[in-house]
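Both complexes shown next keep subunit A, but they swap its partner, so subunit B is in the first and subunit C is in the second.
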Partner chain A sequence: MTTTVPRRLPRRARQLLAASALLILCAAPFGTRADATEAAAGLRTVDQDVQALKKELVDLNRDLFRLEEELLYPASTQVAVFLSVNVGTFFALDSVQLELDGKEVTNYLYTEREVAALHRGGVQKLYLGNLKAGEHELVAVFTGKGPHDRDYRRGTTVKFDKTIGAKYVELRITDRDSALQPEFDVRQWE
Partner chain B sequence: MVSSDHAERARLKALAHTTALAVAALAGALCFPLLAHAAPAPGAAAPDFALKDLSGRNQRLSEFRGDVVVLTFWASYCGPCRNALQSAGAAVADREGPAVALGVSLDRDADRAASVVGSLGLRFPSLLDAGQSVGRLYDVQHLPLTLLIDREGTVRQTWAREPVPAEVLIRHIRELDP
Partner chain C sequence: MTLTFPRRSASWLVAVSLACAEPTAAASRAGATEADLPPPSSIRNLDYGDVLFHFFQDDYFGALVRLEVAQELRRLPDHPDEAALLAGGLYLSLGMHLEATRRFEQLLAGPVPRSVADRALFYLARIQYQREYLEQAERSLARIQGPLPGDLEAERRLLASNVLMARGRYGAAAAALEGWSDASGWADYARFNLGVALVRSGESPRGRELLEAVGTAQAGDEERLALRDRANLALGFALLQERQPEAAAVALNRVRLDGPFTNRALLGLGWAESEASRPERALVPWLELRQRPVVDAAVQESLLAVPFAYARLASNGQAAEQYRHAVSAYAAEARRLDESITAIRAGGFLDAVLEAAPAGRDGPGSVSWLWQLQRAPDAPHTRYLYQLLASHGFQEGLKNYRDLRIMQDDLARWSSSLEAFDEMVAARERLAGGRDARKSEFLSATDLEALQRRRDAIDARLDRIVTERDVTGLATPVEAAQWQALGALATRIDALPPGAQRDALAERARLLQGTLQWQLDATYKLRLSRQHAGMRILDEALVEARQRVGQIEQASQLVPRNNHEFARRVDELAERMARLQPRVDAAAAAQERLLAGIAVRELEAQKARLASYATQAQFALAALYDGAASGGAR
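Up next is the complex of A and B:
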């Protein structure tokens, strides 16, 4: 009958094993941290990709909008009417009605926010359309409250020549301090 | 003989194609006006509009973006519209969050609309669509018509003919804006 006696490892081997275990234990947290850093870097990359994609989408949307506008309103026939307000203390804008060659094309009601935006220097694109080359007549009727809070309605007419290029018309509401009255003037650009 | 049959078949085929194209074009032309004026269905963007309210202030729907909007089309001659307006008022009054009610009266007479608003004690803006341009834009066929519009301006629910109970509105608003 034989009995096996468990043999002890040599002292040197035991020391090596202990050192290895210690090393592994110490290295473990560093390993986790490295993984976490890697994961964070990965997330950052994904986030950057998403942001880049969003930017591309915005750019694409802008290009499509331009393309659509160029197709629907080519420069050869394009007419745009803008509205701006300079000071405007004598006139509280309520609505603007636009007629082109006797046909109503826009009737725009202004909310308080929109009027405030115009007073802060905003310029509104009131109308965008197509017209053939030649002479045309634009009539703008402004409605609102005039001096002393009275109901105020004023029309302004402009005749313009539409040439081959795009035509821009700006309607401006300004104050005529000498008469304490609002003034409505029209500027044109080619 | 064979070539004559072949030519005849080709001629018939071409005729059938042309007829099919013509029918499709005619159907498209007939359906287009119907589709163009269709009421905004759930999932579609609510068409923007601006109208004067009964106090004379101009209100634009797009300025309520960011809020859930209960839009109710009504008229003074429509009995169930009164319940619809009260439901809309109760549904938004109950909320702490941003939800607003807007009423659009299709009455031609502002005084009639004002008297209904006064008798119901409505606290939300009532807009007057005397020219019924917004009614046409939303293709209002039956009154009352209630639309629930989310924060992005998309129609989420519509109810026509019957006034929608306030509890139902509140439940739908909570789903949109928990």
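Up next is the complex of A and C:
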């Protein structure tokens, strides 16, 4: 059977398809040039307003954050315990428990995202509280998995003297010399 | 019959394809990067580490607030420049270009290490590029002196070439990128951009070479795979433009079947086969495409392309059937567009977008967002998001809306905290009242001055003992009593009548006195040293007592003042919150109205396009019927 394609159809169809291909490949977000200009101007104006508003919100949050700390944890009684990690990525931290003067104050379970942040150099403010001046005892225990899925549980006890100023204690999980065993290294900051 | 691919349409295709392949990647990583930061071991202020802990979790807002607090309280004495740089980067990440620019310029105005200045200039250039201040961007980039750390150097090169391309200087962009290779992946983006730039500037063979290199590069993650697809798509259409359908088909066949660029690749592949006079093979991708959701523009076009191919194969019956199918599919899609327009006008549109979005650092417009949204639920609100997010302006607006939502939640949390603070201040005031009474009682019973006077008297006595070497002055109470008794005894003996008995008694008393004196004299130094040690302890105790009493007095003065100060701050912050809350709500609503307006206009444009497609299908159908009526149909 002889096939006959209407001569008019392909040419028109090709033109139509070509025109529609243009639409497909660059589906413009706005209907017309005037619309686009108007919309872009609208976005810019709102964007500038929103930027100014965001800045005010950042400032407000800063002041609220500061008020909260100064009101709840004044420097004269403030004790902060920080946690940092300086081990190879082979060690996956699961949890850290803190006891202050025999009382559990934190039992923190870590998400993958938090562990990654610690490995990248972030330092977590693990505990913020109040203590009277004098001698205190901090007991910290961490658990996690090391190479070959081996479970680790390590602890440390620190006695520290709380004076009039804020007290910072840094618990650093670090590699034991050459043995690749994670353990606590404690530093005190005034 | 040989069908020639219309040259004009091919050039349009490639131009458009390349327009869609705008310089890419760098813009999606708008804010600070890890390269700005000191290595972990060098963190010297714990509060800076705390900021980084939040930053590394992509909690930019939390990181920025902590950074601002730490800077204000001067807790980052060892990281002043990095902290200032990070603050600028965080403002940038949160879409606050104006504040970010101010921070970077402020940093550059001061004496900062060259490496910090270079990074600040890089970020400034990036903002200027994004805001289309291209000359300024070029100037900022030119001021960078040394290589930037880590991936930033690669990003700088990419940005430099993007700026040149945006200014239409494709040759210079090509020259800037020539010979650059790195393992970080940025070079692939650069090669892609250069390939596009060269094709655009008429140096197609060299451009195609680069696109080929990117299109066949190893890719380990979604971002690189998507870039590879994009390169193959651009290459395929460039080859189609140059009427090389076979080579175009090879490139387009490399595009993944389940990626964000698949539909366009299938459409192009059909055109390549059609151009190669293989309409039967053109049907393969087009029929595959035709089965996909009609929401996609490429699929919509395939509904016309399939009957077009059938017509070329002289299968006019099938062609007519497919045109009829296209007409009804376009009508159904137009109804769905109407549903979406109604749903968007009804509100809640942007929340639906955010719900459909993936969690994590990637913002709207990133590959993961687009990819997820392409698979978003087929609901009226979200059905056309993928197309909408192709617009940079829409993405920016959406990011603003997302940030405002986060800040609204944040304000709500603080609002309940502030109420608690208010109660706490009141409780402290009450407690302070009770303590004041006890303090007054204690302070009135404590006479430090009397203690000091007693201490001074003892000190004076010791001085006299030393001056006179009065060994008896250091005698114990027993010894002193003995000394006194011996003195009294001597007086009584002196009163006795002279004689041998008195002499004997006097001699004995003198002996006893001498013995006691000798003992006191022998131990004088030791006793004196003990007394001095005792004085030192006494002095320390007195100093401590004075300190404690001072602290108590100070505390009793401070607490009420602190409480009043806290109460004032709580009130002031509550007022600011009350002022800001309605403004945030209004801004979020305005943002939503604006974006909904854009979305509705876009969907109406899509409707217009569908109407045009439907007209074309009906016209083609009529032509087929014409042909059949004139006896050509089989």
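Here are some notes:
Throughout what follows, the second predicted complex is superposed on the first by the 132 of 190 C-alpha atoms of A that agree within 3 Å, B and C clash if a C-alpha of one lies under 4 Å from a C-alpha of the other, contacts with A are read in each partner's own complex, and residues count from 1 in each chain.
Going forward, a contact is a pair of C-beta atoms (placed from the backbone, for glycine too) under 8 Å apart; a residue touches a chain by one contact, two chains touch by 3 or more.
The model shown is predicted, which means the values in this text are computed figures rather than measured ones.
Once the two complexes are laid over each other on the shared chain, residue contacts for A:153 go to neither subunit B nor subunit C. In the superposed pair of complexes, A:51 makes contact with subunit C only, with no contact to subunit B.
Of the two partner chains placed by the overlay, only subunit C lies in contact with A:123; subunit B stays clear of it.
In the superposition on chain A, contact of A:60 is made with subunit C only, not with subunit B. By the touch criterion defined above, A:112 lies against subunit B but remains apart from subunit C after alignment on the C-alpha atoms of chain A.
Greater residue coverage of subunit A by touch, when subunit B is weighed against subunit C, goes to C. Once the two complexes are laid over each other on the shared chain, residue contacts for A:94 go to subunit B alone; subunit C is not touched. Shared contact residues of subunit A, touching subunit B in one structure and subunit C in the other: 113-114. Remark: subunit B residues 50-52, 57-60, 63 touch subunit A in the complex.
Interface residues of subunit A facing subunit B in the complex, by the touch rule stated above, are 94-95, 108-114. Interface residues of subunit C facing subunit A in the complex, by the touch rule stated above, are 1, 3, 6, 8-9, 12-13, 16-17, 19-20, 34, 37-41, 43, 46, 48-50, 52-57, 61, 64-66, 68-69, 72-73, 94-99, 237, 264, 267, 271, 297-298, 300-301, 304-305, 308, 311-314, 316, 387-388, 390-391, 393-394, 396-397, 400, 403-404, 407, 410-411, 414, 417-418, 421, 424-425, 566, 569-570, 573, 576-577, 580, 583-584, 587, 590-591, 594, 597-598, 601-602, 604-606, 608-609, 612-613, 616, 619-620, 623-624, 626-627, 630, 632-634.
Contact residues on subunit A toward subunit C in their complex (touch as defined above): 1, 3-6, 8-10, 12-31, 35, 39-40, 42-43, 46-72, 80, 82, 84, 86, 113-114, 116-118, 120-125, 168, 170, 189.
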